[in-house]
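The data blocks that follow each hold one structure.
Here come two complexes built around subunit A, the first alongside subunit B, the second alongside subunit C.
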Partner chain A sequence: MSANDAGPAATGEPAVVSQAEEGGAAGGPLLEVTDLRVDFHGARTVRAVDGLSYTVPRARTVALIGESGSGKTVSSRAIMGLLPESARVVGSIRFEGEELIGLPEPKMRSIRGGSIAMIFQDPARSLNPTMRIGAQITEAIHTHDRSVSDAAAFDHAIELMELVRLPAARERFRQYPHQLSGGMRQRVMIAMALSARPKLLIADEATTALDVTTQAQIMELLRDLQRRLGMAVIMISHDLGLAASFADDVLVMYAGRAVERAPTRKLFSQVRMQYTRALLGAIPRLENPPHLPLAAVPGQPPDLSVQQLGCPFAPRCPAASQKCVEVRPPFAEQEPEHLWACWHPAGVEPRS
Partner chain B sequence: MSEPLLEVSNLVQEFTVRGGGGVKAGVVHAVSGVSFSVEPGETLGLVGETGSGKSTLARAVLQAPRPKSGSVRFRGTELVGLKHRQLVRARRHMQLVFQDPFGSLDPKWRARALVEEPLVAFKVGSKGERRRRVDELLDVVGLDPSRFGNRRPRELSGGQAQRVAIARALALDPSLIICDEAVSSLDVLIRAQVLNLLERLRSELGLAYLFIAHDLALVKQVSDRVAVMYLGKVVEIGPADSLYREPLHPYTVALLASIPSPDPEQPQAPVGKAIHGEPPSPIDPPSGCRFRTRCPRAQDLCATLEPPLRELAANHYAACHFPVTVDAPAPEASAEEAARAESTPTVPVATPTVPVATQPSRPPTVRRPS
Partner chain C sequence: MSSSASASLPAPVAGRAGPLARVTGSPLLQFLGRRLLAAIVVLWGVTFLTFVVLNHLPGNAAQQLLGINATPAEIHQLSVKLGLDKPLLTRYGEWLHGLVTGSLGHSLASGQSVTSILASDLPVTFELIAFAFVISLGFAVPIALLAARRPAGIFDRASMLLSMAGLSIANYVLALVLVYFFAVKLNWLPALGWVPPSRSLSQNLKYLIMPAVSIALALLCFYARLLRADLVEQLRDEDYVTTARAKGVGPWRIILRHALRNSVFGLITVVALNLGTLLGATVIIEQIFGLPGIGHELLSAINSRDVPVVEGTVLVFGVIVVLANLIADLLYSALDPRVKYGSAN
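Showing the complex of A and B:
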């Protein structure tokens, strides 16, 4: 699998280039997920992630795109070691070369929230409603470094709050989560996530619950922080527009598998996998006149408790053949930097 | 044009918030003097952010709860002040579809019973007639009655459950359906299916919709006209084409600029264009224009005089002293478009990027109030 850190981000600013190169020089991708499988055991065994492989280069933003049940959240929780007991995780997750699967909990705890941090969709539920904002941020600081004095932790917390552009940081320090708006709470969550200077930030639908104008502010902040701190970001979203605007690479998931991956511009200009194509056809666009019918595909995503022999999208796919139902298409690099899993990719002449 | 299907004038809805010990702490001005109309067979989109009052407005239209003041005329009947029994009868042709079908459908009932309930409540037809009507309704929304009729909501997917909610709303032959974020919780592909269904029903049954959503692209997809709300007021209302092509109110401009485009060839959408700050509290809205505290174009006048809705283009109204207009499409957009039109699956951009007031390089034209 290619590490897509060869070229600088399409967004190209000098600062980004130097960080990307610096990261590349350290050797190997920051995160390497190989053949990850996650099964949930219950009355029925549900395979939520089915052979997922991808890499995250240093200081890049990779968007995981997919609908509910595509496995994007489960796979990222597997990285954080946050899955419940009923989950069986196999495969390999290497972070800076170190295998995370099977890592003893104390070791995992130092990585979680340390080198890898995560922010969630609902900041109201992630924050403790009975604790002041400041206390929650300093607690995060102390969790990863007990030697920090209270005064230094206070200074660091204020610094973090200013970093995430929380207005009137010193006043906010003494406030409770309910006194903050949704956008401000998400800023607090980001401040906490950044407290230990993570190398990888996983943002799981971090702006989905926010209004568009607030979402724009938070995404701008995240991008700015990512560049300034040289962090890699895994951005989990169902919103292709958001991915197109903010990610360097996009990985499209369906039914627990990766189905297409490419640098953002390439993916959106040369869609190959039929599912990605369907997704793009199904979003209403500002450019279109009103009442233009959407290109809807019929059917539902597959039942993940039934093993899929072929391509999971085959039953809904307009281009599907018998082969698609029987043989699983490999997820492989079929054009430079462009990987897909499809027997009948769009815009590619069939090989005889 | 004959009488509109729905005519809302000066609708006001306020709630009292109580502080500690039941002391009156303030009044939430949720909807402050909103007027609009919906013609038969027309879709009016209503957009706004959280707290803009769009859901409160929908509920005030339905008289649940009753508004503080104003008028709601539906099919020629004034609903405000109507006695309960007459209200129930008058409201029969106005139905509501909510965001979360699992929250709005009784989990213990089967699909058939859920769709039949409004018919039973209004004593429509005999048992056999109702059964046929229910099967017909399930069929209309694309659910095979023999497969789905006996399922309970939890045995359905989100899209299927929303179809049941729509079938239920259709049961009494409504002329207006209020969709309150009706497709917002659905996945992209399923959402497209349900949107296409709503569009088909509109043309086949001549339905009118009041379509409430926070997603501007989604609203444009279904609407003939669009109203934009901010902090309890309609700040702009006009034909969908014109409103998206030439937004007049700085808030609409900011909203449009905040949407990330699924086309990475476009300038990385929201960067640098995001408006700052957060909406003020509806308990103590700003004087004059309510958007002035975040508006890049605000001047002294905006704080003292509340701008009325004025018709600034054909059928296109905005409440702003210093409205934005876009004169000519940006030339670079069309050139780019032609170059990549053939290979790109994304639809070429017809709308040029709107000059935002924060960009000093391209100042938008200002129309002075006459």
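Showing the complex of A and C:
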């Protein structure tokens, strides 16, 4: 834990946890996304995120689940202000009560890697191949606190590397990314992300490129760090199983929208939205007989450059009716803490 | 140059882990050894081809020396005296023999040793090339960085448009335009001649600037476009750039500290390859500005069929090009920790 004391976050702020308990001026959730829309302008305008709303409480893990192109990555990059210039972001993203959309770039830069950090899918490509590991970590440290001396930054980097359980930290400090395994590289990414003691960590498919054993180790590490540092995590994944094991809340996305949201336990005990159900059905099970064809969600995600009237999942949905094609189901709290957008939710008696 | 070869040649069939075996087993030395062997083949081919081509040009040195009024008997007499009556292979063999024993022969025209001619002319050409390099890279890199900072921004569009124009101007045309404005019209710079840097560095640079700019402009434009394209691609497509941005690193630091080092490889390759073109350009430019360099010497040697001088010059050009490419390869491994020559350890 010594890394925490030496961290740049020790700029007089009390520990994150106590701040959360305090309630503070912010009081509300750590992150509040309201009616977020992201359009990409090009030959055709693509609406990648279409009216997404959710909140992330302090020190909790929220999983964003969905297929490729469901808007989970785009929406999280919108939080970080990391979208290309062709993207137009509207709506509201409030972090500790402060509006991030439209925040001037220098201000946004101090938040990036400061109070909100991010790790990415492919650790083989996410680190600069021509820069030593140590230099990449100390760069993160110096970026958010220029007053740190080189020696202090070195010590802090070593502490961070030990915090993420990177073996032989001093040796690794002088190595290049290609000399490390995939799991070790992701640990380096996490060490960098933690350098300024963020209050929110966005893990964008952080374990997808790793093999299953390493994946479990990294997830365990993230959970452990989250608890020790009192940090909130947005975990982006297409893997419902991973979300079930590690997230407090799950938000299922489809075609740029939220389609189902609930505390993890509730969601998995009562899946309502037909898409979530289809996703769960697509998970191969050990008890299945061998040589069974893998189940898949039939059809393709919709073309996001075309505006839809009804439910975007309707063309692929086994329960779809004419109403689904014509009228968009509202995303609303239909049971306590359980929100979904579906006219024909599973396990609910049809209303007249 | 032969030191690494002689280091590896006498390697005895010693014990496997003997110190000599370890030295000769070093991947870098093996790499250099292979490159040296290849260089020898290349240089031999270049000098031999030059010999053959010169031999097939009409007229020989004796004729050129004596002028058009000489009688055939006089020409024959001088040819024999200069050894030009011997068969081609014999003469090439003699030249090679001289080379191996450390002599590049003597000029047929002046009788001066080729080595001394090279020694007096090479520094001029080296200075010209070095100056052209400094100008082209010195401007190309900052221009590329500024252009890549905001792709499709005003600076990017303007510089890329101008560089397209610059690329399309032939160096000798530019040379004449420069002379017209800066020497004839404005009278700021001398149009012709040379002052060695040992006498006066400021005068030296004054004489050198127009020739160097003439050579450098097209290269500058080419390098700037190349590096800019590479930088833009890195900044747009590479995940490590996103990581750096996610760390909160500022845009200039991302370009300078992250993207630049990963973008220079294309530039290094092209700069090394371009050196041959650059040497060719000096032949014309030295002629236009009356610089006593090796390019100037080469042209007059070809005209007077002065075979030893041509051969010596061609050999030096060949060595420069081979060395430049070797340096480029070594630079890759210095700049990219993933590149290691020899074994894939």
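As a working rule, the second predicted complex is superposed on the first by the 319 of 352 C-alpha atoms of A that agree within 3 Å, B and C clash if a C-alpha of one lies under 4 Å from a C-alpha of the other, contacts with A are read in each partner's own complex, and residues count from 1 in each chain.
Rule of thumb we're sticking to: a contact is a pair of C-beta atoms (placed from the backbone, for glycine too) under 8 Å apart; a residue touches a chain by one contact, two chains touch by 3 or more.
Everything numeric here is computed off the predicted structure, so don't read it as measured data.
By the document's definition of touching, of the two partners only subunit C reaches A:S126; subunit B does not. More residues of subunit A are in touch with B than with the other of subunit B and subunit C. Residue contacts after overlaying the shared chain place A:S86 against neither subunit B nor subunit C.
In the superposed pair of complexes, A:T214 makes contact with subunit B only, with no contact to subunit C. Listing the residues of subunit B that touch subunit A in their complex gives 49-50, 157-159, 187-193, 195-196, 199, 214-218, 220-224, 240-241, 244, 254-265, 268-276, 278, 340, 343-351. Contacts from subunit A toward subunit B in the complex involve residues 10-11, 67-68, 181-184, 211-217, 219-220, 223, 238-242, 244-246, 264-265, 268-271, 277-298, 300-301, 316, 346-347.
Chain contact summary for the complex, subunit A toward subunit C: residues 80, 82, 84, 109-114, 117-118, 120, 122, 125-131, 139-140, 143-144, 176, 178, 189, 192-193, 195-196. Within the complex formed with subunit A, the subunit C residues making contact are 236, 238-240, 242-250, 257-258, 261-262, 335-338.
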